[in-house]
Each structure stands twice: as structure tokens, then as C-alpha cells.
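Listed below are the structures to be examined.
Each of the two complexes below includes chain A, the first together with chain B, the second together with chain C.
What follows is the complex of A and B.
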């Protein structure tokens, strides 16, 4: 029973990722990413990482995916969403990816790692202790990073700034035309 | 080691490799910046899954792995916010989100 659910979740995780990689419609790609993210949260629960699973659902599914869908809707004037990258055709990219995956799986099976059966238990207390003892510097730096991110995103989308950039872009085009 | 797939670390690691490969393929082949961001998110998630797996299948769970997974989630969210802000600023200027329309810094 546990294995049946595990296989279902694994198929959803990998299938969502493949949908993101192969779909020709950007909305389908975003929904594939959503499916993959939720299934990865389920895989965290299989490994007794309850706190990480909940953060994954809250931050990724509730935050990042909504932002991503908003951006897709806002930039929908740009047509030909999934034109491929001219510098990298599908076949060489596939070759690179298959070689990478083969090497990684070969390394996994030739490394002779010793694993033990995992122990299930609550994790929130230990994560809190680690964040406030061993990783306190990282914790504070992340707070600073989030402030910088908020200010940066606000500044970047200020109206005057964008207008100025549009105006200077128009000027440079005029100059080019004058030179011609 | 038990025979259950869900209690075998290799199955998680192989899922992680497959998701990472899908993300890498997306980043390599797409021209749309939004799709490239999606590929980066997939790769970050695959590495976080690896951290959790290696912290779980030990004699006693190593919670530093969980801390790193949470840091990856937070940094990915920050990166997505800034990247999408840049993308919307670019889109307001030139009505396009394709990487080869944004080549002003090319020498």
C-alpha cells in the first residue's frame, strides 16, 4: 500500500517535470511544475520531513507558483512562447542531459554508500534549535537578503524608472537611425 | 535494507536525478525567460530532495539537511521574485520575454 502511493507520487513528480520540459504551452508547463512541486512535498513527507514539506507547500505552491502564473498572464502579449533556443537544438541538449543523468546514476551505484533505514519522528524542534544555534549567522543573512529582495523588486518596477528607460531606449534607436 | 521502494534511498535519488535532468533540459532549450525560471526551480527542488534523502537514511537523522532544504526554498523564492520583477520591467519596455531580444550588452 505504501509502495503503491509512493509509485503514484513518484510518477507525478517526474511526469510533472517532463511536462514542464516538453510542453509547447506555457500554462501547461506551469501546471506541470505545480504538480511536480506538490509531489516533491509528498516525497518529503515519505522521508519524515514534515516541516520542510509544509514550507514547500506554503512558499512554492502558495507563493512562487502564483507569482509565476501572474507573470505569465501579464506578459501574454509576447507571442511564440516556446520557440526553441537557436543556440541549443533539441538533440544536443538531449545528449547533454542523458550523459549527465547516466553519469549521476552510475556514480550513485558505484559509490558504495552505506545507508541505514530511516527513523520517523517530528523535526520542527531540531530545525528550530539548529537555526538559532549553529546556523544563526545564515538565518540573519537570509533576513537581510529578504529585505534587499523586497526593496529591489519595488525599485525595479517603479513607474518613473521604467518610463525613463523606455525614453532612453527610444533615443538610442533615433541616434542609430540618424547615423544610418 | 528493506525491499520496499519507498524505504530505499536509491529510488529517491533516481527521482531527483530525473527531475534535475528535466530542469536542465528546460533551461538549455527554451528561449522564454519564464520557462528558464521554471527549469531553475525544478533543479533547485531536485537538489533539496537530495539533501532530505541523505539526511534521512542515516543511523540518526541529521537535521542540517532539513535546514539546507529550507534555505534552498527561501533562496529560490527570493530569486523568483527578483527574476520576475526584472522580467516584467523588460516586458514593459520591449513587449517581449525572449532571451535573444535582450542582447544590448553583447559587444
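What follows is the complex of A and C.
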């Protein structure tokens, strides 16, 4: 039973990834990515990592995918649903494939993989303990990174900067007319 | 295998119950709206119009399922189901009783937040696939609003998680108690703030008035569901009213003591003279009572307040709720460090907050009656006009 569900989820994950890579429509590619991300969350549950699985959904589906969809939906016209994601050139594509396949194979052989832990149990408490004991430096560095990002976003949206960007962007026809 | 069959059966029961409750709530909301606007509301179908939602259902099924010519048909078709599925999935870890729940997830609250953010995708897809600029704008507004208000909601949840030391709903309910003094809402000032943050943010996430600009009729025809017809249109509304139940249940669990009406939450050992099934049923009913009280409050707010503008909406979120949430999540940590539970100060604060709450309710009642007397309004106490 478990095997059957696992295979189903794995097929969805790989299928979604294939759709992302091969689809000529950018919206289909994004939805394939969505499918793949959700399936990967399910795969985490198979490894008894409930907290990581929910984080995957919250961060990738609720955050990253929504931003992706925002940019796609607000930029692409409505008439070209199915042909707006042109194929890459062969050489860069090959380069990316080689690099990522190499990384994946390295990870596969160097990691100590165990499938199906004997029993499923909550993992939140252990994750919290590890964060605050063994990995406290990394944890704090990540939080500093996030604070820097927030401050950066705040600075970018300051009123003067936005006004300047708008003025230089619009080629300011009005000003020219005024000068005349 | 037998577990799987149980799972399917229980999911089906939950699904039917949610759909039925959402259907009945459409009727209840229209009746309450009628009372609040000095009219009657639907009262023709069945006794006092109670079967109105079934009539609406039959009408919805009969209607032609129109798909706009230039819409992306596949996405257009699945979007309502995605939205309804997201709302339905949030019900999984909610404990309706000590044992009446689908799955006792250790990451319960976190899971609910994740599913709430998942609903956004359904709304965006629905708005975009309609190939209509008002639908698209409605979907975008809805998504932007939901993403923004997830942060105050998460901060409110964060405070509860710190207080109870767990993200499991059972443990959160067990950390509270039966009497109002033990509820998280009156536990200390910061949890009270957390309740307000979470409740307001939930209203915004559920697209309810005063945060309903995604459906602003005067600007956007009807928002992301403009192009939908028939049953698909009704699915969006089932999701919306189902979401009311979810909000009510979450608030009840996290701040109002869940279904516990006895000092123990789980009564696993049947002591003599104490039947666990009776306790379970009573707890379930008490939980439902609280839930539907909050559903009523949300409906009440909807027919009382006007709609916010988009800039006011974002101001409330980013300039008020997020800073208040951040400060109070810092405050709760300090509070818990310096004031241990059941110390004298803790008890005094709890009692003061509870009595303040009671005084507010009583004063509200007094003011309402006084105003009714001054205006010499005639009150029809019988709701079934």
C-alpha cells in the first residue's frame, strides 16, 4: 500500500518536473512546478519529516509559486497561452543538465539514504533543539540575511527613489512640453 | 487497507458535513442580513425558507456551465475545486471533540496556515483563466490581500504556540481550560492582542467585509468569479462559507478553550459514574456552539461595516497589525519569562481581563437597549416573521 502511494507521488513529482521543463506554455510550466513541489512535500512525509513537508508547502506553494504566478499572469498577454515559452539553445541547456545531474548524482552517492523509517513521529521539537544548539550560528546568519532583505525592500520603496524611477522611466513628455 | 477505507469514509462524512453546513450558512446569512436591514429575507421554500439552499443548489446544477470562448478551459474548470479543496483540507487537524478529529497532526496550526496559503493559488488561477480583466484584477487583489494578512495571522498563531508550547491542536486546547479565566484570550494582554490580530487577519483572508475588495461589486463587477456560472460559481461560495466555519473553529480552538467544558480535556479513563461518550458529545456541542457564535459575529460584521479602500487595507496590515504583532510576540516571551503561570500576578491579570471582557459585553447590551429606547424602535423579538 505504502509502495503504491509512494510510486504515485513520485510519478507526480517527476511528471510535474518534466512538464515544467518541456512545456511550451509558461503557465503550464508554472503549474507543473506547483505539482512537483506539492509532490515533494508528500515525499518528505514519507521520510517522517512533517515539519519540513509543511514548510515546503507554506514557503514554496504559498510564497514562491504565488510570486511566480503573479509575474506570469500580469506580464503575458492572453492570446498566446500555448506558445510563449521558447526552447533554450542546445549548449546552455546541456551545460545546465550536466551540472545539475552531476550535483544530483554526487548527492545520491555521498548521502546516507534510508527509506521508510520504522515509525512516523513528530520532528518539530528535535528540529528546534538542533537549531538552538548545534546550528545556532547558521540559524542566526539566516535571520540576519532575512532582516537585510526586509530592510533592502524598504529602502527600495522609499518615496524619493520611486519618484525618481518613475520620472526617468516615463521619458517625461510633460516636462519637454512645459519647456517649449 | 481497512485504515484506508476508514480514511475515505471519514473524509466523505466531513466533506458532506462541510458542504451541508456551508449551504445552511448561506440561508442563515441571508436571514440575518434581512433582519439587520429591516426586511424579511428568503422565507418561502420549506418552513421559514430553510430549504432555500437546496433550491439554490438545484438551480445551480440546472444552469448552463459556460466557459468563455478565450478562456483557458482546463484551468478555468479546476479553479473552483482547488479553492474548495484548500478550505476543506484546513479541517483535518481541528479537534471538534477530544477524539472527534481526522488526524492529530503534531504540526496542526502550521498545517492550517499552509493550506490557507494554498487557497490563494486557486483564486489566482480562476481569475486569470477567465481571460477577463476584472476577474484578473479580483484574483490579484485577493492574492495580495491574503499574502499580506498571512503575516499578522501567523504572528497571532505564534503567540499561541509560545503560550502552549506546541503546534498540536489537542495540546493547545489542553493548555487552556473550561472556565473563561483559563482561555488564552483572557490569559494576558499579549494573547488578547493575538486574538484580535488573528481574527481580523482571518476576516481578510476569507475575503469578508470589511476586507472584501476582491469582490467589490462597484469596481470589479464581481471579482474573480465574474465569468463563472452554475455549479462552479456556487463552489466558490461553498468555499467562502466553509471558510467561515473554519475561522470560527480555529478561533475557538486557539483562544476560547475549544470544546473543553470540564477541567480535563481528554477523559481517557472512564471513571465510575462518568461516561466518556457523554463527555465527548457535550464537548462537541459546546465546540459547535462557540464556533457558530463566531460565525454569527463575522456575519454581523459583514452587514454592519463599510468596505475599506485598498490603501487603508494595506495600511492596517503593514503599519499597524504587523508592528503590533511583532511587539507583542516579543512581549509574550518577556511575560512568560518573568511571570510564571499561576503566580499571583498572573491570576490577577487573568481575572481583571476576564471581568473587563464581561463588563464590555454587559455595557454593550446596556447601550443597545438604551438606544432602542431613545429611538422608540419596535423590536420584533420573534425571529420568524
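The criterion applied here is as follows: the second predicted complex is superposed on the first by the 108 of 180 C-alpha atoms of A that agree within 3 Å, B and C clash if a C-alpha of one lies under 4 Å from a C-alpha of the other, contacts with A are read in each partner's own complex, and residues count from 1 in each chain.
Criterion: contacts are C-beta pairs under 8 Å (C-beta built on N, C-alpha and C of every residue); 3 or more make two chains touch, one makes a residue touch a chain.
None of the values given here were measured: they were computed from a predicted structure.
Undergrad: In the overlaid three-chain picture, which partner chain does A:66 touch, first (chain B) or second (chain C), both, or neither?
TA: second
Undergrad: With the two complexes superposed on chain A, say which partner A:57 touches: chain B (first), chain C (second), both, or neither.
TA: second
Undergrad: Regarding the shared-chain residue A:108, is it in contact with chain B (first), chain C (second), both, or neither?
TA: A:108 contacts chain B only, not chain C.
Undergrad: For A:26, is the partner it touches chain B (first), chain C (second), both, or none of the two (neither)?
TA: After superposing on A, A:26 lies in contact with chain B but is clear of chain C.
Undergrad: Quick one: is A:74 in contact with chain B, with chain C, with both, or with neither? Answer first, second, both or neither.
TA: Both chain B and chain C are touched by A:74.
Undergrad: Once the shared chain is lined up, is A:122 touching chain B (first), chain C (second), both, or neither of them?
TA: So A:122 only meets chain C here.
Undergrad: If we overlay the two complexes on their shared chain A, which of chain B and chain C does A:48 touch? Say first, second, both or neither.
TA: In the superposed model, A:48 contacts chain B only, not chain C.
Undergrad: With the two complexes superposed on chain A, say which partner A:95 touches: chain B (first), chain C (second), both, or neither.
TA: Once the two structures are laid over each other on A, A:95 reaches no partner at all.
Undergrad: May I ask you to decide whether A:8 touches chain B, chain C, both, or neither, giving the answer as first, second, both or neither?
TA: So A:8 meets neither chain B nor chain C here.
Undergrad: Spot which of chain B and chain C makes contact with more residues of chain A, would you?
TA: B
Undergrad: For chain A, which residues lie in the overlap of the chain B contacts and the chain C contacts?
TA: Touching chain B and chain C on chain A: residues 51, 55, 63, 70, 74, 78, 81, 123.
Undergrad: Quick check on the complex: what are the chain C residues that touch chain A?
TA: Of all residues in chain C, those touching chain A are 1, 4, 70, 72, 75, 105-107, 110-111, 113-118, 120-121, 124-125, 127-128, 131, 136, 139-140, 143, 147, 150, 167-168.
Undergrad: Can you tell me which positions in chain B touch chain A when the two form their complex?
TA: 1-2, 4-7, 9-15, 17-26, 28-32, 34-35, 37-39, 41-42, 45, 48-49, 52-53, 55-61, 63-64, 66-67, 69-71, 73-78, 80-82, 84-89, 91-100
Undergrad: For chain A, which residues are in contact with chain B within the complex?
TA: Spelled out, the residues of chain A in touch with chain B are 2-3, 5-7, 10, 13-14, 17-18, 20-21, 26, 29-30, 33, 36-37, 40, 43-44, 46-49, 51-52, 55-56, 59-60, 63-64, 67-68, 70-72, 74-75, 77-78, 80-86, 88-90, 93-94, 96-98, 100-101, 104-105, 108-109, 113, 115-119, 121, 123, 126-127, 130-131, 134-135, 138, 142, 145-146, 149-150, 152-153, 156-157, 161-162, 165-166, 169.
Undergrad: Provide the residue numbers of chain A that touch chain C in the complex, in ascending order.
TA: 1, 27, 31, 34, 50-51, 54-55, 57-58, 61-63, 65-66, 69-70, 73-74, 78-79, 81, 122-124
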